[in-house]
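Residue numbering begins at 1 within each chain, and the chains themselves are lettered A, B, C and D in the order written.
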Amino acid sequence: MAVKPRAVKVCDVTIGDEALAVMAGPCAVESREQIFAAAAVVSAHGARFLRGGAYKTRTAPNTFQGLGRKGLELLREAAEAHGLLTVTEILAIEEIDASLPFIDLVQLGSRNMHNVPLLRALGRRRVPVLLKRGFGCTIDEWLHAAEYILQEGNPDVVLCERGIRTFEHATRFTLDVAAVAIAKARIGLPVIVDPSHAAGQREWVECLTLAGVASGADGLLIETHPDPDRALSDGPQAVPLSRFGDLMDAARRVAEAVGRSIPCGAPASTLLHGTVAT
Amino acid sequence: MAVKPRAVKVCDVTIGDEALAVMAGPCAVESREQIFAAAAVVSAHGARFLRGGAYKTRTAPNTFQGLGRKGLELLREAAEAHGLLTVTEILAIEEIDASLPFIDLVQLGSRNMHNVPLLRALGRRRVPVLLKRGFGCTIDEWLHAAEYILQEGNPDVVLCERGIRTFEHATRFTLDVAAVAIAKARIGLPVIVDPSHAAGQREWVECLTLAGVASGADGLLIETHPDPDRALSDGPQAVPLSRFGDLMDAARRVAEAVGRSIPCGAPASTLLHGTVAT
Amino acid sequence: MAVKPRAVKVCDVTIGDEALAVMAGPCAVESREQIFAAAAVVSAHGARFLRGGAYKTRTAPNTFQGLGRKGLELLREAAEAHGLLTVTEILAIEEIDASLPFIDLVQLGSRNMHNVPLLRALGRRRVPVLLKRGFGCTIDEWLHAAEYILQEGNPDVVLCERGIRTFEHATRFTLDVAAVAIAKARIGLPVIVDPSHAAGQREWVECLTLAGVASGADGLLIETHPDPDRALSDGPQAVPLSRFGDLMDAARRVAEAVGRSIPCGAPASTLLHGTVAT
Amino acid sequence: MAVKPRAVKVCDVTIGDEALAVMAGPCAVESREQIFAAAAVVSAHGARFLRGGAYKTRTAPNTFQGLGRKGLELLREAAEAHGLLTVTEILAIEEIDASLPFIDLVQLGSRNMHNVPLLRALGRRRVPVLLKRGFGCTIDEWLHAAEYILQEGNPDVVLCERGIRTFEHATRFTLDVAAVAIAKARIGLPVIVDPSHAAGQREWVECLTLAGVASGADGLLIETHPDPDRALSDGPQAVPLSRFGDLMDAARRVAEAVGRSIPCGAPASTLLHGTVAT
């Protein structure tokens, strides 16, 4: 009954393969210094993608809304300097053309999972899409959203479980680990896990990271920041860069226990011309 | 602590006044015959707005997606013939300009509550907006979404409670009647109730309609169809047109019990040139 | 498909009849003065039952746990002085025999809805039972719990909807008004509504009371206290006695709008020998 | 801020130690043959406890309610034959005295988490208690329930996360893996995970088992049955005995990845006088 699993290729990285695709970085790109520091550390510990928001849709209108285009440029620059690919969110159809040169994997956020015109517009491009589950949406609705993209001709969809809304508010959302296995069985696409948004507090990020890897996730999307207490958005859930390596070491051990892997250090390209900081 | 209540004027109808604004019609405009039949009946029983979707974002891609522009034209025509205003959903910024001539009150659907670019685009027009609560969203997030519109300069926002997602699946959603009072107290905007989407089955629509009116709602948004069993979308939750009058009579009695009213019959303009069917 | 409705008789009061059964009083019996003050006011405004907890199962162990047997005695005394019946919770089989002389309607609380031995023990007595819905339980599970009582031979079960747990925390629980109509249609037993526990704050009690009455509830269970700010438990959700009359007046108007009634003042018996305070 | 972790000793097994405590067996004891078959297999793969219900509180009254005392006797007999301890549920205070000789770890089920008299009664005995989280209860309410036991003088409480009720019904409940880390940090007691009740379908039990172990659980409670399709209760979620060994092998690898262990085979005592089947 389960469909055949499919991997999704983003440049030279295959998501859905034996190796987990780790995507990490700050919630939002805030400055050159910040994003380069993040890129250096995450690439040194096995990440293949640098994340960082340029256009933020925050829940409330009077909050930091991102650096916009400047953020995209910095993201790409920092990623290239460290041999990383980029993943960031697009919020509207109008942004697509101008943003695509800076993005290797386009994130469609939880609040946009039901934005059908945007799903279709991304379905008509040849760009890999990371489709986050709506926090109030069932697994089936999430897979239907993926089908809107697939039906327009774009087969490169990666799903991301990031927690659903429940009565329990000790965490910001409740990570639905079973959804990883269920989504993979039903649609065959790779599924990664975002432990940061589910946890809401960095204290519980490790627990959810390891649970996500054990549940069979094909990758991780993790928020990490050089100085989380001064982050302009989502600081409480960001892991300090100084602890990112330990988190990856723990995740790597669990990955190996379930027959997967997380690369140990920076990709070869980085070692040639990048700087590896801690 | 509660803010001062504000009414919103849509052409000659004031929402948030003593009289409840009833909006009724089919989920989707399906044909001239269907939408005219609905317009005749709903106007005869006190509705001031004709609802009917032209562009439907259904959860699954392979389902009826609406008549598009033809649907908008039919909606306007049927509404005018019966002295009604129109309310229908817009799904994307690109649709706004072409659609506005046909729409008196623009509905922003539950799945789009977090679509910030669309909220902002509607905030920059002088068009009244009906903002449905996201079914996975808190009252505060809903009010924040309203603020995105208000902050762009458009003060004419009407809120719509339509049920939230809970573990109870005997109804499609759980109507949060307290949200009516809470939203009004916190932001002062008018709040209407959509009992149809919450119920999911027509059997429970009356219960939720009356509860909504008793909770202080400033209006109702109700799905009704000449032949619900043959409806192309959401048939199970549509009240047959033949029962719409009884439903309004019951709602009117409760409205009067809480110091409000629902007009008894068709608006004057209709009586001159419209046809009143059953 | 809906079953035939059945009324439940508790002494001279019929629940499920045209007249709504109002049950009101403090969360817990705290003192003679308090419970007599409550009895006087609630009876003067149409209540037929005095509520007040003697044994409280609070969520946390280090909080006020009730006056125990003394509480039961005071409850009965105050009720008799004002022509009221009593309703209070029993927590364990061991309490039944000693408590029954003081209780006309035995409440089985939300946290005990799944306590099968207690359900069965109450099923083997001829005592009317008020079965609250578990706040994490579906309508079907609630009706199954009722069947445990019915199957032991006790037909006198009254259901009470008191809100379910959802992600929305602006209220303590979300009152599921559709559950009133659904439970009545499926099992035929009377269903009353507890707006106080759902609201969690007295500010929203009126909204939920009126919504409950409009939804077809056969009665109300309301917390009211002479001085809510000094209540030993659940003060924030208690309506001050000084506002109870207005609340009942509002509820009465809605009851009449749906073809029901709430008696206007104290029952005849009270007028003979009780005192009516405000 | 996190409290010091405490281990709980049950006979010769320490829960909360480096080695995970695996508890496995059928939902209900159905026959001598069934429970002995289960005991043989689970002990052969590292379980230290045999589970099996004797008194079942099923949601609906007209379903198999367990073998009662005979079930307890069979459970003990099968456990002893294979060097296992027993864990089973007690539903009422009245059952405690007669049941204790057969039970090493008393389970207090999800539906009884708020049964305060039962919590207190178990608090007054020197018997280790396995306290399952109520499926509609917050982590804090669960820890408060534990305190009712601790305060009566019984320090031997083991917590069990078994899934909470959410809108997602693809699984029966949503396993809250973060609750493992949070409960341990807040109260210091050992926490085990029940993947079977959360999954509701055996297909997802492995995913949740591994996620539970990775999240830091101190043990597992798993339903396994010789012939799940003929099980008298909860068959769909039971893993066939023939697959139990593979499940434990997978769990063991993850346990080792997080610095824990699961014993490889039957405990020494079994090897002397038990039979080890597959």
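Methods note: a contact is a pair of C-beta atoms (placed from the backbone, for glycine too) under 8 Å apart; a residue touches a chain by one contact, two chains touch by 3 or more.
Small disclaimer: the values here were computed from a predicted structure and weren't measured.
A.B. asks: If you tally the C-beta contacts for A-D and for C-D, which one comes out higher?
C.D. replies: The greater number of contacts lies at A-D.
A.B. asks: For subunit A, which other chain has the most distant CA centre?
C.D. replies: Most distant chain from subunit A: C.
A.B. asks: Same or different: do the copies subunit B and subunit C touch each other through matching residue numbers, with over half of them shared?
C.D. replies: Comparing the two copies, subunit B and subunit C contact each other through largely the same residue numbers, since over half are shared.
A.B. asks: If you fit subunit A onto subunit B using only Cα atoms, how far does it have to rotate, to the nearest 5°?
C.D. replies: In degrees, rounded to 5: 180.
A.B. asks: Rounded to the nearest whole Å, what is the centre-to-centre distance of subunit C and subunit D, using the mean of the C-alpha atoms as each centre?
C.D. replies: Centre-to-centre distance between subunit C and subunit D: 37 Å.
A.B. asks: What positions in subunit D touch 2 or more of the other chains?
C.D. replies: Residues 136, 165-167, 169 of subunit D touch two or more partner chains.
A.B. asks: So in the complex, which bits of subunit D are touching subunit B?
C.D. replies: Result: residues 165-167, 169 of subunit D touch subunit B.
A.B. asks: List the residues on subunit B that touch subunit C in their complex, please.
C.D. replies: My answer: residues 136, 138-140, 164, 166-171, 174-182, 185, 198-199, 203-204, 206-208, 210-216, 250, 253-254, 256-258.
A.B. asks: Quick one: in the complex, what on subunit B touches subunit A?
C.D. replies: 57, 59-61, 91-94, 111-112, 114-117, 134-137, 141, 144, 147-148, 151, 165
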